[in-house]
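The same chain A turns up in both complexes below, where it pairs with chain B and then with chain C.
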Partner chain A sequence: MTAYLKKYGAPLAWASAALIVLAACFWLDNYWLRVWTSVLMFVAITQGLNVIVGFAGYHSFGNAAFFGTGAYSAAMLVMAGWPLWAALLACSLVGALLALILGPALLRLKGHYFAIATVALNSALAELILNVGGLTGGAQGISMPMSTLSPIDLYRQVYLLMLTGAAVATLIVFWLSRSKFGYAIRASKDSEDGARAMGINTTAVRVAAWGLSGAVTAYVGGVWAYWINFIEVGSAFDVSLSVKAYIMLLMGGMGSVVGPIIGAVFFEVLATLVWSKFGALHNLILGVLVCAVVLFIPSGIIIPLRRFLSLRKQEGAKG
Partner chain B sequence: MKPNLSLEIEGATVRFGGVVAVSEVSMTVDVGEVVGLIGPNGAGKTSLLNSISRLVPLSAGSVHVFGQNITKIAPYMLPRHGVARTFQVVQPFANLTLRENVAIAAMFSLKSLPKLEAMDRADAVLERTGLTHKAKMLPAEVTLADRKRLEVSRALAMTPKLLLLDEVMAGLNHTEMDAMIHLIRELQQEGTSIVVVEHVMKAIVAVCNRIIVMQNGKKIADGNPKSVLNDPTVVAAYLGQRYVDRQSKTQSASVSGVQK
Partner chain C sequence: MSLIVKGLNVLYGDSQALWDVDLEIPNGGLVSLIGANGAGKTTLMKTIVGLILARSGSVVLEDVDVLSLAPERRVQLGLALVPEGRRLFKGLTVQENLLVGAYARRDRQAIQQDLEKVVAYMPELKSILSRLAGDLSGGQQQMCAIGRALMAKPRVLLVDEMSLGLAPVVVDRLADTLQRVNQDEGISILIVEQDVELSLSISQTAYVLETGRVVASGTSSDLRNREDIKAAYLGLH
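Right, the complex of A and B next:
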C-alpha cells in the first residue's frame, strides 16, 4: 500500500487537484470566480518569472513588458478579425520573439544591471505604443468588441484560459526541474565558467529561458486583454505587476515547482480578503506581511512546508 | 603543426588592462605526454590555461589542439575538441548534488548523452575518484579536498583527450595525494595528454614527462624534469636553494618541495 502510494501518490494528487480546479468554475459564484481567475493569472505570471529568476538567476523586474506586449498583440489581432485562440497563440509567439531578439544583448548584463534594463525595456515599449498611435490606439487605448457570451459564461471561459496558462507554465517549470535543458540552465546559474567549460552555451540557454518566460507572460497578457475588454498603456505595462509576481515567487520559493503556486494563491487570496475587510489599510498590512515572510523564511514557504510534510510522514510511519 | 601534438601554443599573450599576465609563451604537448607547468604565484599559469579554454581572450598568439585552430572558437566548443579542465578556484554547481554535477559534464561534452546514461557515467566516475558515498551531497556539504576531487571527476566525465589540471593537489593530505597521482598515471596509460599546474613538487616529479617553468608571464625553462629542476635560473626564480639542498641530502625525488 505505502509503496503504491509512493509511486502514484504525487501524480494522483496533481491529477485530483487539477480536476478540482477545473470543476471549480462551475460552482464558484461570480465574485469568487473573478478572484480565482486573478489567482490563476498570477500563478502563470509567477511561474513565468520562476523560469528566468528561479532557474536562470536573472532578476527580470520588467517582465510586465511581455504582459503588455501580449495584451496589445492579442487586442490588435482580435480587432483585425482574428479568432481568439489564434490571437492568443500569436501573442505568445510575439512575447517569445521579443525575448529572443533582445535577450542576447540584455542577458549579457549581470545582477541589478539586468533588472534595471528590463524595467527600462518595459517603459520603452509603453512609450513606443503611446507614440505610434494608429492601430495601437495611442493614449486612447483599445476597446475590444463586447463578447456575445453571457457574463457567467464569459467569466468561465476566461477562468479556463487562465487555468490553461497556469497549467502550461507549471508544466514548463516541472520539465525544467528534471530535463537536460533544465540542468543546463541551473548549471549556467551556479557557475558560468564551469558550465561553459562543460560544453554548455550559457548565453543561448539563458535566452531560451527568457523566451519561455516571455511566451507564458505574453499569453497571460493576451487573456487579460480579452478579459477586461479595454486596455491602455498604463495598466498593460505596469511594473507593479512584475513586482507583485516577484513577491509571490519570493514567498513561495524560487526554483521550486510548487512554491510559486503556493506563493501566488496565498498572496492573492490574502490580498483579496485583507482588501475586503480593511480597505484603506490593505497596502500597509500586505507590506508588513511581505517583510515578515522575507525576513523569517527568506527561501520561501516551500522549505518549511516540505520539512513539515516530511515530519508528518515520519510520524505516520512510526504510528 | 606536427600530427602527434595534442596542444601547440604559439606566442600567447594575455593582458588584463595594463597587466601582462602571459607574455609570448610558446609550448607544445605531445599526444600522451604529461607536462608540468610550474612557477611562482602570479606567474601566469592559470591565465595560460584560461586562454586555452577560451575563458580569457588572447591579445596575441594562437592555440591549436589536435591540429585544429581553437584560437577563436566559443568556450563551450572546447569539450567537442576533446579538451577538459579543472578550476583552481573550484566552480561547483552549488545547488546540485555531486552526482548531478558530474552528470552535467557528461551530458553536454563530447557527444551529447541522454540524462540517464549521463547519470550512469557519473556513477562510474565517482567510483573511480572515491566520491561514491557522497554522490547525493551538495558541494557545500563536502570538504575542500572533495570539491577538488569533484573538479577532477567532472573533467573525467567529459572523457577528454587533453586534460588541463589546475592545482588539484592543493589541500589534499598524503593519502589523497597518492591516490590523485595514481589516477593521473592511469589516465596517461589510457593515452590522455595532461597539463599539470601544481605547486606540490612531489606530485610534479612523480607524474611529469616534461616540465615548463613560468615567471612573470614568461616561459623561462622547458625540458626533462631532471635538467629543469637543476637549472640555476629555475632554482633562483622558483625552487630556491633549500629545495636543491634537500634533494641532494635525501637523494630522493619524492620529497615534497615548494609550497605556496
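Right, the complex of A and C next:
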C-alpha cells in the first residue's frame, strides 16, 4: 500500500486537484468564480515569471509587457473577426515572438540592469500603443463586442480558459524541473562560464526561457481582454501586475513547481478577504505581510511546508 | 586527438595576455602547463575552449581549426574544460551536474553508461549523486567537476588548477584518476597544477608560461632537471 502510494501518490494528488479545480466552476457563485478566475490568471503569470526568474535567474519586472501585448493582440484580432481560440493562440505566439526578438539584446544585461530594462520595455510598448492609434484605439482603448453567452456561462468559459493557461504554465515548469533543457537553464544561472564550457549556448537557452515566459503571460493577457471586454493601456501594461506576480513568486518559492501556485492562491485569496473586510487598511496589511514573508521565510512558503511534510512522513514511518 | 596551438595572441582591451603562444598536446598525451599567477594559464585554457576570443593564431583540434567556432561546437568536436574554481552548478544535484556535462552530446543511449563509467572512476561520487553540488566538500566538488567534463566524452581534456585548496591525499587521488583516464580512455590531457613536482611527474611534456609567453618547453623529465626551473618553480636550489 505504501509503496503504491509512493509511486502513484504525487500524480494522483495532482490529478484529483485538477479535477476539483475543473469541477469548481459549476458550484462556485458568481463572486467566487471571479475571484478564482483571477487566482488562476495569477497562477499562470507567476509560473511564467518563475521560468525567467526562478529558473533562469533573470529578474524581470516587466512581464506585464507580455500581458499587455497579449491583451492587445487578442483584442485586435477578435475585432478583425478572428474566432476567439485562434486569437488566443496567435496572441501567445506574439508574446513568444516579442521575447525571442528582444531577448538577445535585453538578456545580455545582468542583475538590476535587466530588471530596469524590462520595466522600460513595458513603458515603451505602452507608449507605442497609445500613440499609434488607429487599430489600437490609442488613449480610448478597445471595446470588444459583448459575448452572446449568459453571464454565468461567460464566467465559466473564462474560468476554464484561465485554468488552461495555469495548467499549461505549470506543466511547462514541471517539464523544466526535470528535462535536459531545464537543467541547462538552471546551469546557466548557477555558472555562466561552467555552462558555456559544457557546451550550453547560455544566451539561446535564456532567450528560449523568456519566450516560454512571454507566451503563457500573453495568453492569459488575451483571455483577460476577452473577460473584461474593454482594455486600455493603463490597465493592460500595468507594472503593478508584474510586481504582484513577483510577490507571489517570492511568497510561494522560486524555482519550484508548486511554490508559485501556493503563492498566487494564498496572496490573491488573502488580498480579496482583506480587501472585503478592511477596505481602507488593505494595502497596509498586505505590505506588512509581504515584509514578514521576506524577513522570516525568504525562500518562500514552500520550504517550511516541505519540511513540515517530510517531518510528518518520518513520524508516520516510526509509528 | 591532438591539439595544436600556434601563434595565439589574446588581448584584454589594450593589454596583451598571451603573446604568440605555441603549444602541442599529442594524441593520448598528458601535458602540463606551468607558470606563476597571472602568467596566462587560465587565459590560454579559456581561449582554447572558446570562452575568450583570440586576436590571432590558430587552435587546431585533430585537423579542424576551432578558433572561429562557438564554445558549444568545440565541445561537440571533443574539447572539455574543468574550469578554475570548478564552477559547479550549485543548485543542481551531483547527478544533474554530470548530466549537464553530456548536454552537447547527441548519443542519448550511451549517456547512462558513461555516467556509470564516471562513477566507476570516482566511486566517491556514488553516495553523493543526489546531493546538491553546493553542499559538497572541496574534493568532492573537484571530482564532480572532473566527472562533469568527462560526461562530455572529450577527446582532449583541459584541467585548470586541479588541486587548488585541496588536501594532499585528495590531490594524489585526483592525479591518479586523471592518469587512468588518460591511459584507459586515450583522452589527451592538458593540466594546470600548482604542485609543479607532481605535475611534472605525471606528464610527458611540459610548457612554462611567463607573462603571456612560452619561455620553456620540453619533456617533463628534462624540465625537472633544469636549474632555472628548479629554482623558480620547484623551490630547490
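Methods note: the second predicted complex is superposed on the first by the 319 of 319 C-alpha atoms of A that agree within 3 Å, B and C clash if a C-alpha of one lies under 4 Å from a C-alpha of the other, contacts with A are read in each partner's own complex, and residues count from 1 in each chain.
FYI, a residue touches a chain if its C-beta (ideal position, glycine included) is under 8 Å from a C-beta of that chain, and two chains touch if they have at least 3 such contacts.
Since the model is a prediction, treat every value here as computed from it, not as a measurement.
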item	value
Clash or fit, chain B versus chain C on superposed chain A	clash
Touched partner set for A:S191, first chain B, second chain C, both or neither	both
Touching partner for A:G255 - first (chain B), second (chain C), both, neither	both
First, second, both or neither for A:S179, with chain B first and chain C second	first
Contacts of A:W82 with chain B and chain C, given as first, second, both or neither	neither
Footprint overlap on chain A, where chain B in one structure and chain C in the other make contact	180, 183-184, 186-187, 189-191, 193-201, 255
Contact footprint of chain A on chain C as seen in their complex	46, 49-51, 70-72, 74-76, 80-81, 83, 86-92, 96-97, 99-101, 103-104, 148-149, 152
Residues of chain A touching chain C in the complex	180, 183-184, 186-187, 189-191, 193-201, 255
Complex contacts: residues of chain A adjacent to chain B	179-180, 183-184, 186-187, 189-191, 193-202, 255
Residue ranges of chain B in contact with chain A within the complex	53, 55, 74-80, 84-85, 87, 91-96, 100, 103-105, 107-110, 114-115, 154, 158
